[in-house]
Amino acid sequence: MNDQAPVRRRTVRVNEISTARMNDEKTQSQYQPYKDAAWGLVNHWYPALFSEELPEQAVEGIQIAGIPILLRRAAGKLYAIKDQCVHRGVRLSAKPTCFNDTSITCWYHGFNFDLASGVLNTIVANPDSKLIGKTGVTTYPVEEIAGMIFVFVREDDFPLEDVPPLAHDLPVRFPENNERFPHPLWPDAPGILDEGAVALGLHRTGQSNWRIACENGFDNAHILVHKDNAIVHAMDWVLPLGIVPDHEEPISLIEDEDGPKGMMQWLFTDRWKPILENPDLGLKIEGANSRFYRIGPKIMSSSTNGMFQ
Amino acid sequence: MNDQAPVRRRTVRVNEISTARMNDEKTQSQYQPYKDAAWGLVNHWYPALFSEELPEQAVEGIQIAGIPILLRRAAGKLYAIKDQCVHRGVRLSAKPTCFNDTSITCWYHGFNFDLASGVLNTIVANPDSKLIGKTGVTTYPVEEIAGMIFVFVREDDFPLEDVPPLAHDLPVRFPENNERFPHPLWPDAPGILDEGAVALGLHRTGQSNWRIACENGFDNAHILVHKDNAIVHAMDWVLPLGIVPDHEEPISLIEDEDGPKGMMQWLFTDRWKPILENPDLGLKIEGANSRFYRIGPKIMSSSTNGMFQ
Amino acid sequence: MNDQAPVRRRTVRVNEISTARMNDEKTQSQYQPYKDAAWGLVNHWYPALFSEELPEQAVEGIQIAGIPILLRRAAGKLYAIKDQCVHRGVRLSAKPTCFNDTSITCWYHGFNFDLASGVLNTIVANPDSKLIGKTGVTTYPVEEIAGMIFVFVREDDFPLEDVPPLAHDLPVRFPENNERFPHPLWPDAPGILDEGAVALGLHRTGQSNWRIACENGFDNAHILVHKDNAIVHAMDWVLPLGIVPDHEEPISLIEDEDGPKGMMQWLFTDRWKPILENPDLGLKIEGANSRFYRIGPKIMSSSTNGMFQ
């Protein structure tokens, strides 16, 4: 038999991707923090639960940005700690064991943690252990406002003294910003921090990459997606083909010293103009009539986007 | 308590495989291209769809050798392009959006690609974008013959001018090769390129490693597998225990300058002899009567094997 | 538009875990062999099947510590070999093919292995192959006792002459160890090697990490887990909060020259004392009455733990 190997037209390259059409290095580098944050961006405030979901004495285990968090309300106070025992790593919320209102005990080997500080208070069957007071779980700042519970989801070593006020991760407020961010229809858009505000909503689980969901919240180039949307048809809206910037700053970065940080989309102001025609495809929109809106500063994070958009 | 570690009989080696019974380096190296091609061998012609599966105006998204491919028939012409938008990577076929017969538009952000060249024609809501004409998706040569649509599945940078004719990836043809590859029963075996040929068939999804499926197409040492086969029993066939080479070239490499390249199995010629007895196991076959057959040159690829065997 | 990147509070570290609360290097290193043994500890005797599960002529494919093992009983003899053909790697037990009582044949390409030595006896359709006698599959020592079949699960290159007697991987025996390991209630605890002993039991599949299951067999700090246990309640047992060592050697390593090797828990002797009170949590147990028990030397392996505890 011939010893020669059969002809192959080309060696398949293993674990290698053609770079022929990829963005250049500079463009790629801008996406790096975004790429790194596979589970979401940490060290931000996130909405966690609605108040009614955590009645007195309740314990709930949730996960935000990949971090397991236990929420507990006891004697009228709210607590959030890492939902992972320092000893064998199990979820404390798997079988909530509470002997009093200021601590929670791991159901597995009895490690008892102070809810306010996270410190190991005692071990049920080893009250003299040298570990007591020397270790513990991470705690998370909590704020309850307008019927919602917010948690500051931090890395284990992010200093508590650097935690910003909740307002820094919420949209800019009106009417005090009416002049700075004028809007033709809703000059006085309400906010969650307004007196008497009540937030209503629901949890919805999206089977998707959070980055794509997030992108769709501020990347307005996807209007085409909505052309077959049932609401659009029911309302007899006629959408433009899309909108393009018509100003040197169509999106502004907001980095107020003592206020929210994020981005402001100048949508449906004269900084953006609708595209009503594409001659290459013979497309022409007549009678565009869709609703105007203004959206607030955005932090690129899955949860805030999902709940406030 | 004793500080000494408990006795262990042997350390388990992590991420290491005993080489005691493995093939030597030379033998291993021959398998390398085969091992690398986890998703199949690219830069070959593959059968993609039956003609009737792609009527006028249809769009179908398929995958061959790990590459997503969109097929479209419009104004009587057939097109195949990469089914992955250059912008955000989504499948164009997920929601086919066609504004004319020569292009396809991504449903997500309106990128419009020329079906023949793959070039970015326009962006629906951004007709003046600088990207237009500068980027695009890979196209794949298509051939339709005897009721089947074939696609040349190439790497993004495999030059179009190097694409061989379809005939190079099909079996050798008869009767012109009767003398070269004589067969006692079917000297004039038909081929898909014969005038008036019609291919019938069906798609079947095998939950398996394609390499093993492929091996079974030319490795005749597995005849034993068929001893309990329902067809064999129904036809009263008596199979030999197996067949072994009886010639210096039981399988020939075919590398015709202007023709098919692959392997020819000299099965059921005098280059192979049936084994009817294994004295070590006391096995003896009498009255072997199974059907003779001849198979053509094979390219080691999952699809061609599956459809032509 | 502002070219500056949006403010980020902290870069998320990719593929990195905060070491803030992890054990130090010395402590970590002690766990290393345990961590390495993802599939269990090899080179030990394991219970494989009950005798009645493998009648004359039966073939069973099982897996212990990640190693596929084929068990066969033929002409009254028991055999265990690696359940993986040396040729194409398939499981021999997927379609047991037995032409006689001393060998098994691979259903795929007819490789025939001697059950006692594992050596390749013949190939069904290639009785003259040069491979015959030169390769084979690993064999495993087997012992059948008291209605159970034990297999010594070894690495491919662990020498057969180093295989210890089964007794080395079983608990210490009584009454001969009554003085060494005295027990108040059961001085003469029976063992599987006693004359006339019969083992009864069942297979149970635990969807868990075997290490955790194993830990619970000798780490007595988890008594708290059982406080809501249905059996405990039904028997009106009152458990202590836990037990703590009260002796310099609460667990002994056993490394007898010619006998079992493992650990002896001195549970419910005066080397451990029950904890009946935790003042920090205001917990106090009165009338603790749960059953005393003594457990034998343990090898840290999933199966022995599961069946003998």
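In this document, chain identifiers A, B and C correspond to the written order of the chains, with residue numbering beginning at 1 in each.
We adopt the following convention: a contact is a pair of C-beta atoms (placed from the backbone, for glycine too) under 8 Å apart; a residue touches a chain by one contact, two chains touch by 3 or more.
The structure presented is a predicted model; accordingly, all values stated were derived computationally and were not measured.
Novice: If each chain is a dot and touching chains are joined, what shape do you get: line, ring, star, complete or other?
Specialist: Topology of the interface graph: complete, with all chain pairs in contact.
Novice: Same or different: at the chain A/chain C interface, is the fraction of residue numbers used by both copies above or below half?
Specialist: Mostly different residues.
Novice: With centres defined as the mean C-alpha position, give me the chain A-chain C separation in Å.
Specialist: Result: the chain centres lie 44 Å from each other.
Novice: I need the residues of chain B touching at least two other chains; which ones are they?
Specialist: Residue numbers touching two or more other chains: none in chain B.
Novice: Under the definition above, what is the set of chain C residues touching chain B in their complex?
Specialist: Counting only chain C, the residues touching chain B are 30, 33, 36-38, 41-44, 86, 88, 97, 99-100, 103, 105, 107-110, 112, 121-122, 124-127, 135, 155-158, 162, 164, 248-253, 255, 261-263, 300.
Novice: Can you list the residues on chain B that touch chain C in the complex?
Specialist: These residues of chain B touch chain C: 1-2, 4-12, 14, 18, 20-21, 212, 215, 219, 221-225, 240-244, 275, 277-283.
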